[in-house]
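What follows is a single structure, written as structure tokens, with notes after it.
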Amino acid sequence: MPRDSADEAAGRWRSPASHAFGQHIGLILALAILLLAIVIFSVMFTIQQQRLPGNFEVTSTVNNTMPLAIAAIGQTIVVLTRGIDLSVGGMVDLTNALAAILLRPNLGNQLAVSAIIIVVGAAGGLINGLLVGLGRLQPIVVTLATLSIYQGLAIRVLPQPGGAVPPGYTGFLVNPNAPTALVFLLIAIVLWLGLRRTRLGVDIFAIGADEQAAIALGVRAVRTKIIAYTLAGALYAVAGLFLAATATAGDATTGDSYTLTSIVAIVLGGVSFFGGRGSAIGAIAGAFIITMIVNILFFAKINPLYQAFYEGLFLVIAVVLGALIGRLVRARR
Amino acid sequence: MSERAAAAATGVAAVAAQTLNKAFGGVQALRAASFAANAGEVHALVGENGAGKSTLIKILGGRFPPDSGTILLDGEPVRFSGPADATRRGIGTVFQELTLLPWLTVAENLLFGREPRTAAGLIRRASLPQDAEALLDDLGISHIDPRALAAEISLSERQIVEIARVITKKPRILLLDEPTSSLVEREVAWLFERIRELRALGTAIVFTSHRWNEITSIADRITIYRNGSEAGTFTEIEEGEAITLMTGRRVDALYPKLPPLLAGAKDMLALEGAALPGTAAANGQHAAELSFHLRAGEILGIGGLAGQGHRELFLGLFGAPPLARGKIAVGGKHLRIHRPSDAINAGLGIALVPEDRKTEGLLLPLSVRYNLTLPILRRISRAGVIRTPIEARMSRDIIAALGVRTPSAAQRVGALSGGNQQKVLVGRWLLAESRILLLYDVTRGVDVATRHEIYDLIMRLAGEGRAILFYSSDTEELAHLCHRVLVLRDGRVAAELVPPALTAEAVVSASMRQARAA
Amino acid sequence: MESKFARRTLLTATGAGLITATLPGTGRAAGKKWKIVLSNSYIGNKWRIEMENLFKAGLQMEPYKSQVDGKWFNSGNNVSQENQQITGMIGERVDAILVDAASPTGENGILAQANSRGILVVSYDNVVTAPSAIKVNTDQFEFGKKLATFLAEKLKGQGNVIMVTGVAGTYVDQQRNAGADSVWKANPGIKVVNRYTGMWDSSTAERNTAAILPSLPKIDGIWCQGGTDGALKAFIAAKRTPLPPTAGEAENGFRKFMTPAGYMGQHVDGLSIGQPPYLVLVSLELARRILEKSYPRKDITIPFPFVTSETVKVGETVFPDLPDSFFADFTDSGPNATVQVCVDAALNGTPCSGSLDVRLPTA
């Protein structure tokens, strides 16, 4: 069947670049919004401080965003399977609390404790995955329940804020003097691109796009879901470690906010809630957009009483803008 | 001699099913069903919707296991652990529900599960499009862009990719469940060419279709299913006899008699100067415009090749979305139709029965009654409260009048067969007292028996003085069910056919003539 | 670790050496104001609103009006957001940061960085554990102990008591309960017949008390960390009147019961102690004094403002026209008061007449 005139008229054959643009519009928009936010912040900062944002601003923004960025990657993996994970907050709480009480200044301990904590996170995720996959329960219900369970466990582990993270550990993960933590993000991105090129990665996208079709294609949907939630749990644990490192101590409640912010981050990052579309790179960009909005509002000198209002407003504008432009681009093609 | 050929020679079926049973919930889909197909034959599987064809194919394709019974491959009993297992054993299945993943590209879909790898075992995403293009080229497909998302290509293109994915895996048993339902003629021709090639290579091909002419043109043998078991296997059978076997009832004629067209019937719908999207006219290349009149009691057919904007025309008359250009007059009065509610409430009432009833017409998880009375809730409510006795009576009456086969009005529409879903949609617009019906490919995927009921229904509606605009991807239907057929080409009427010139061949040739010349 | 320890000792030593008098050439240049910023983690309850209002009012009163350039930020009880705001403050190179933290530990990292960049950090109310931050607070153990002692004396060491506790898992709740328990231990005649949470919230305290009350014997005394007016209303609703002696927080509603005229037809013999919102003013003054080098860098604990049924005074420590949920301890009272401010400052953030005099403990 050769192409006929109707096909030519509809212009179905487009350049690879045009395809790439259309298929990654969510990610491209997220990066554009982030760039815009960085420019706005830099201009405001430079005008007010008579200098460009320096090493300190960059470093602490990066360090402060690390836990959210990593947690958002976990959330991305789950949402790609057309699930949602509300247990992020509890998992970050628990792993953060464990880090604060278990970490000691010697290297051997730090390696072992980090590994144990990541295993704990993975186990937490595994429980979510088993309930969602084997139990065929709604992800939102399962993870809402486990959120409370993990929060409760966190309080048991660390009833009062405290503990201490060795300075060496902090220095390694979130070096306060230079934005070396970006290296970890780079590693995360490389691993993500690798995952996209594995059977597991393809299957995660497949079951999110159309679970029944994926099963008919031989994808083991239940197993893929379980692995996705487990992987996400391990990533939340890494987020908990980064949070402990930035704070230098533990608090069994500080992770709570990550449930909501990780979801906001992936929305900003162009990950589709209907599954099957999105990128961890977008989620990382989304996490940074959230931090940049706080930065911009700080220098905008607005009445602190209305800060929450403006934060919400900026988020809505960013999301609406993204959706509109995305729709426009798709409609024009 | 290959093993496969040897098996064929000794009379052992390449694939066989023995006394299969399968129940879903309370419904027995297969009862002691048997089936056998040989290597190197094309074996058609026919029957009404709900006869168990799709269930049989899904079981043979490893989609789910039977409750009891045996599957034999080359005489050896097998048990599939899943679709992947069946694929490994050389079975390729095109399921009725398309299994393309919408947010993956054509290339990713085509090569799903057998992507090219690097030495480290990672998928070479960059080389997917070229690999896919090469595969498609081998099959003679050059009009589908491997870089496009599956969601971006048309339904027929998706069906072709689906078929291509399966046959490029070189299965020795190929199962095709209604592969032609969304294909136009030249695509069907392409598919049959591939099937003949595979048959020559010794592949066992099983396929289902509701189009009798397709079946007779390609099948070596025909197995008829009824109520979940085999009703007979034939090398030759007349259509009427086959329908009798499928339904257990005698069908007098394939097509009903058209009600006479009254001389003084008034215009009910007039369209002037419409430009159809996707055609030269809409692109402003030349000012081709579409105009027509539709009279009371008339069934006006719209024919032409795919991509001529039929769908847009039907949706446009219903305001979903509105036509870019063109004046619409209903009952002689000009009006604007911006959205479906305008169409529903327009003077005589315009109703659309789309082909994709799952996404465009019905709310599948909800009851028959809910679906029937949705547009008229305001009329049967008092002070905003629905008067349920009236609602119940109206839906009961319409179910009886149209012969919708449902246990009750409370049944989920999703649980009904395709033809019965279509009847519910028609029933909805009868309740809404729509006088103008836009029927867009309403018999697609509907089994033969129900098809006849729908034909009768259309005739009855026209006889009552309703005006019907009719499109079908089956040219035979156009030729036999319409008073008049307009063949569209490049956004205008290329030919107007009335009996006796109105034949399927005439519709096809009017559609093709210029297209070939261009 | 060793160097960190050494630095801290050094700081304390130099701080102690600089007790009085602004040295010429150091500190604030003429005409320049100290940049002091408040990082408030949360603005979702009355206490925090009053606290922030006092800060706003204070900035418009002398000596702060001419010496301090102040700003404030809120952060939805979200640690990373508060951290990011503190990053901005460090970027602005402020002189001092006052923190009412979202977490006692969550901001330690960024606060240590502020300190290493020469920014003074004063933390109060929900204080942080960062060693470099100066802490201003009340003694929470003492809080619980004082409430319990009052009851022990009123009951002469004999009777049934209920304890309405606070938000579990917080340092403050744990300390207050421990303070009370130390008193019960010394008074074996007092029986704690039930202990349940009121979440430091009047409506929760009322709901939980109402639910538990039918199962309880006669109650001789109420020990309540917060939501005291709610607990009392539950007693009235259950017709458990007259109300027993009550030791509780500084809610205006509770104090209304303590006035001779009473409230809702009931009078309570009580002790009302509060976590004073003016902790923010003490912190502001401490920051100003340390920057002026007229006060040593050291943690301070201020006494609780408290009133009893004998000392409560309409218009000064209780306000019949204001809501029950208002914290009536926005100002201290009496001759040794830490600070005295007008009610408008707490309600609207408007300045009072005259200058603001905050009395820090003797250095």
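The letters A, B and C name the chains in turn, as written, and every chain counts its residues from 1.
By our rule, contacts are C-beta pairs under 8 Å (C-beta built on N, C-alpha and C of every residue); 3 or more make two chains touch, one makes a residue touch a chain.
It should be emphasised that the depicted structure is a prediction, and the values quoted were computed from it without experimental measurement.
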Reaching subunit B from subunit A through chains that touch each other, fewest steps: 1
Central subunit by CA centre of mass proxy: A
Computed distance of Cα centres, subunit B from subunit A, in Å: 43
Chain centre separation (subunit A, subunit C; CA means) in Å: 37
Intercentroid distance (Cα basis), subunit C paired with subunit B, Å: 73
Per-residue overlap in subunit B, given as positions that touch at least 2 other chains: none
Multi-partner residues of subunit A (each touching 2 or more other chains): none
Contacting residues of subunit B [partner subunit A, same complex]: 61, 63, 82-84, 87, 93, 95, 97-105, 108, 112-113, 115, 121-125, 129, 140-145, 147-149, 153, 160, 186-187, 190, 278, 280, 283, 305-308, 515, 518
Contact set on subunit A toward subunit C in their complex: 45, 48-49, 53, 56-57, 60-61, 63-65, 67-68, 100, 105, 155, 159-163, 167, 170, 174, 176, 243, 245-254, 257, 261, 291, 294-295, 298-299, 301, 304-305, 307-308, 311
Interface residues, subunit C side, partner subunit A - complex: 1, 4, 40, 43, 52, 71-81, 83-85, 87-93, 102-110, 112-113, 117, 129-130, 168-171, 174
Subunit B partner contacts - residues on subunit A that touch it in the complex: 1-7, 9-10, 12-14, 16, 19, 23, 194, 196-198, 201-202, 205-206, 208-210, 212-218, 220, 272, 276-277
